[in-house]
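Listed after this line are the structures, all set down as structure tokens.
The two complexes that follow have subunit A in common; it is paired with subunit B in the first and with subunit C in the second.
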Partner chain A sequence: MITRAFLAIFLFLLIGLLGFFAISLQNDDMQPIKTQEGKPLILDRELYTIEGMKVDKESLFSGKIILNVYASYCLPCVIEHPFLMEIADSKNVKIVGLSHKDQIVETKKYLEKYGNPYDFSILDLDGSLSLKLGVIGPPETFLIINGEIVAHRIGVIDIDIWNDRFEKYF
Partner chain B sequence: MIDLKNTFRFLLIFSFLIQADTLYEDIDEDELERLEYLADNIRCPKCSYGNISSSNAPISKDLKKEIASLINEGYSDQEIFDLMQYRYGDYILLDTNIEDNKSIFLIPLMILVISILLVTTYTIRKSK
Partner chain C sequence: MGTSILWFSAFLCVLIFSFSLQRKSHNLAKNLIYANLGTLFIGALYLGYQFLSDNFSFVYIFQNSNVLLPTFYKVSAFWAAHEGSFFLMIILLSSCAVINNIAMKESRYLSLSNSVIAFILFFYLIFLALTSNPFMIFEAAPLNGSDLNPLLQDPLLVIHPPMLFAGYVFYAITFSFVIAGMFTDFDKELFSIIKIWAGISWFTLSLGILLGSMWAYYELGWGGYWFWDPVENVALMPWLAGTAFTHSLIFSKNKVLLSWMVFLGILTFLLSILGSFIVRSGILNSVHSFASDPSRGVFLLSLFALFSLVSLGAFFFRSNFLHSGWPKFMSKNYLLVLNNIILMTILTIVFLGTLYPIYYEVIYSEKFSVGPKYFSELITPAVFALIILFTLEQFPKILSMDKLKASLILIAATAIIFIINYFNMGLLLSGIFLATLILKFILDLLNNESVRLHKLFGHLAVVLLTFSVLLNHEFSKNIDFKIKPNDKVEFMGTSLIFKSVDVVPNKNFDSVVGTFEVEDKGRNFNIISEKRVYKVGSVITSETGIAPYITKDYLLVLGDRYKDGSWSVRYSIKYGIMMIWMSSCLLLLSILYGTIRRYDY
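What follows is the complex of A and B.
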């Protein structure tokens, strides 16, 4: 009798554990790192574009802005690039690039080769600006509305993620 | 032949003068110790495990540099931990807060207690 109870409990635990694994494996949005959603945008120093122009910081704190962190050495950035071009064409939103720890020449070559969806690209040679923003590595995409980060994607952005997390703000 | 030997000696003497430059600016020994302690206890955000002192990922190097500059600015260890936690979430801290993760610590304990109970009742019943 007691062996049966023992077996039943064992089986129950085993099925429970397998079920738990099966469910958690299907959930592919397991990011251990917290996104920057809900945090204010902090830019505490002068910013320059890759052309060497000063960035009007006030313009980054008003209205809807998509901030995309990219780099010429980053292969996933090439994957998401056509999607960004599509967004630039179809949505009425300002897309700002952030060139992450990249040489200016390489960034310009990259934009020439794949097209330029950005209004302008902010220069971040040593990665310190990205670090303050909580960027782990390109590609990353922020949606900023009036100086507040409302959506943040770590990794490649595509239509599914856009519809899931970004579309509701448009 | 002798010439080669002498050249080698000459080079050897001068090689003592070449030493590794310090990685971080304006940092004394105490502060370096603090930096090492902090780097040992902050997890690399890009890796699945491992602290930033054991990682060679670019972000770990940048983070170490930033921590060094924060130490220079006069931040305390706790303030640096809090800043990193705010920026990257609880995951970044290697020191787990048991209060926040009770289930992780309690479930194995519960399983242990239940299995001990089951085994003892089973053996007592069987011996009768």
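What follows is the complex of A and C.
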């Protein structure tokens, strides 16, 4: 009898626990990663392109700019690359690349192989610029309008995410 | 090909399950168990071969390997992430079933145990094939992999996960026998089988936890060995339940509290599944979160629900057939019951502390985390209660006194615990207990009394472990400072000179090596601390420089370089770390000896 009473209580608690787990799993925002949306763009030092040219920073603070963080070692970047090419062709927007912790030779090979949708690519060999921008890892895409980050996608960008979060600014 | 191997094996499990339940086809079921292991083994060889031949069209291999990775780690990358380690666990479980079938030719428990294992295996395989298939293939094969997580490129971590998994797997075996016993009868033969498996699982799980703890200390560079991290806690929970279970098996001689033992056997297994659910679902944030994925969580939760409801339901309906008695007041068995109660209390403390954040998030939709203070403050008195219990057990004369005196002693013991807690005298007290136990041991040896070595040394190890942990907690210190090469720093009576810093290239990483010279009361030695930059993805890891001595360890972590050429450095002196490892090893050896010794019977 004692065993059964004990077990009944235990089972009751267990079912409660399972219920809690089930509810907790419903929360799909379990580990929310904060996007940089709504924050101003801050660039406090000189930037260079992968060709070694100095970047005109002022140009990044005016108008609509898409900043795409990519790298040759990043496989998801290859997946989103055709979509970026499409955007470059169809939308009237400046696309700037940010080569994240990557060797210049590798980046150039990558752009030769898959095509170059970027007006230019900023070099970020040690990742410090990405760190300032709040980048977690490539691929990431920012939409910057007049120096303000209005949309930020962490991960692969595709037509669905574009329509959902980026299209409204065009 | 790989995926079909998994499905075929799952199909075999269904056959094993149903054949094992029919008396006529037992032999067929046995042969199928061998065939199943063979099938899985082929699958493992296939995957292993792909790793060695750098076939990055496999998603799993792309994620965990790289052309530059040394061959040794290419092999160990097999179980570096969720998919492979779960696959390994399945292979282990089915090999255990094979071992059972070879070792026990004719046992009436065998077929029931086989069907329970097949039942578990079937769901594991489905889980593997559907949500975490290691054989998944890319449409376009990438040229190179994204490398094994650098933190995992360490010999200790090559064996830590399989050990932990092996511990879990072995508890599934004890579980299968406990279930088998529930539907037949618990006799001497079954108890000896359960005791051996319980001993082996206890040993492996302890070893797995110890290795993980050593890895945290040497590789993560946090300067600690236990952090009450959720993932550590979920490994600790089955360990605690397993400890209680192994102790409760001592009751078996006169079948005292049989149903309690059955309950613990089931609980241990369920906690190990709960462990994989919590680790793999990402329901809690932890250092181990790299392994998480919510879709797996749903599946594992369903598995946990299924296993727990089926086994506890069966237990509920069979409980009246389990004859159990109560132990006599203050007998040895009575102390064992107290031991079980205390272990369950610790388990509850860990359980609540680990899961409270989930509860809090569901109710208040806010993040919450439980600090180490909660655990250490609640668990320390419980550990002391345990120590008092087994010290008391060494003195049978006190126990054989009349009930009144014995209860007075119990009350006094409780008072002692509170005093220790209040005055923070744990260190002193654990020292006293240590001395008492050793003295008693020597006296017994001199009087030619029979001594149970495994028990005595196991208990001694626990006291020594407690002592070292408290020592570490009380005296360890660290400082952070900026230092230029050839500068000198004084700390806790030691002096530290930053001798040099060099860059050394390696196969898959480059490292910055800092050499330090430490002088402590005539003792003079060098410590080398490294910072590694891995070539793929530029991940940076710190290799802590450690000079271990019996009483204290000297730790150096090389930090970042400043523009003026100076470096940030963390220097710590940790007491008792070596003693923690040694007492844990003593505990492990006692468990091992206690288990092996059984083969004589």
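Operating definition for what follows: the second predicted complex is superposed on the first by the 139 of 170 C-alpha atoms of A that agree within 3 Å, B and C clash if a C-alpha of one lies under 4 Å from a C-alpha of the other, contacts with A are read in each partner's own complex, and residues count from 1 in each chain.
Please note the rule applied: a contact is a pair of C-beta atoms (placed from the backbone, for glycine too) under 8 Å apart; a residue touches a chain by one contact, two chains touch by 3 or more.
Model, not experiment: these values are computed from the prediction.
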item: Subunit B versus subunit C as contact partner of A:Leu25, first or second or both or neither; value: second
item: More subunit A residues in contact [subunit B versus subunit C]; value: C
item: Contacts of A:Thr3 with subunit B and subunit C, given as first, second, both or neither; value: both
item: Contacts of A:Ile136 with subunit B and subunit C, given as first, second, both or neither; value: first
item: Which of subunit B and subunit C A:Ser128 touches, first, second, both or neither; value: first
item: First, second, both or neither for A:Met53, with subunit B first and subunit C second; value: neither
item: Partner chain(s) touched by A:Ile159 [first = subunit B, second = subunit C, both, neither]; value: neither
item: First (subunit B), second (subunit C), both or neither touched by A:Leu14; value: second
item: Which superposed partner A:Lys101 touches (first subunit B, second subunit C, both, neither); value: both
item: Partner chain(s) touched by A:Tyr73 [first = subunit B, second = subunit C, both, neither]; value: second
item: On subunit A, positions contacted by subunit B and by subunit C; value: 3, 101, 126-127
item: Subunit A-touching residues of subunit C, taken from the complex the two chains share; value: 62, 140, 142, 144, 146, 259, 263, 277, 281-283, 285, 289, 292, 294, 297-298, 301, 304-305, 308-309, 312-313, 315-316, 319-320, 322, 324, 355, 358-359, 361-362, 536-538
item: In the complex, subunit A residues that touch subunit B; value: 2-3, 6, 9, 13, 32-34, 36, 101, 126-128, 131, 134, 136-137
item: Residues of subunit B touching subunit A in the complex; value: 45-46, 48, 58-59, 62-63, 66, 87-92, 111, 118, 121-122, 125-126
item: Footprint of subunit C on subunit A - complex, ascending; value: 3-4, 7-8, 10-11, 14, 17-18, 20-25, 27-28, 30-31, 73, 75, 78, 101, 126-127
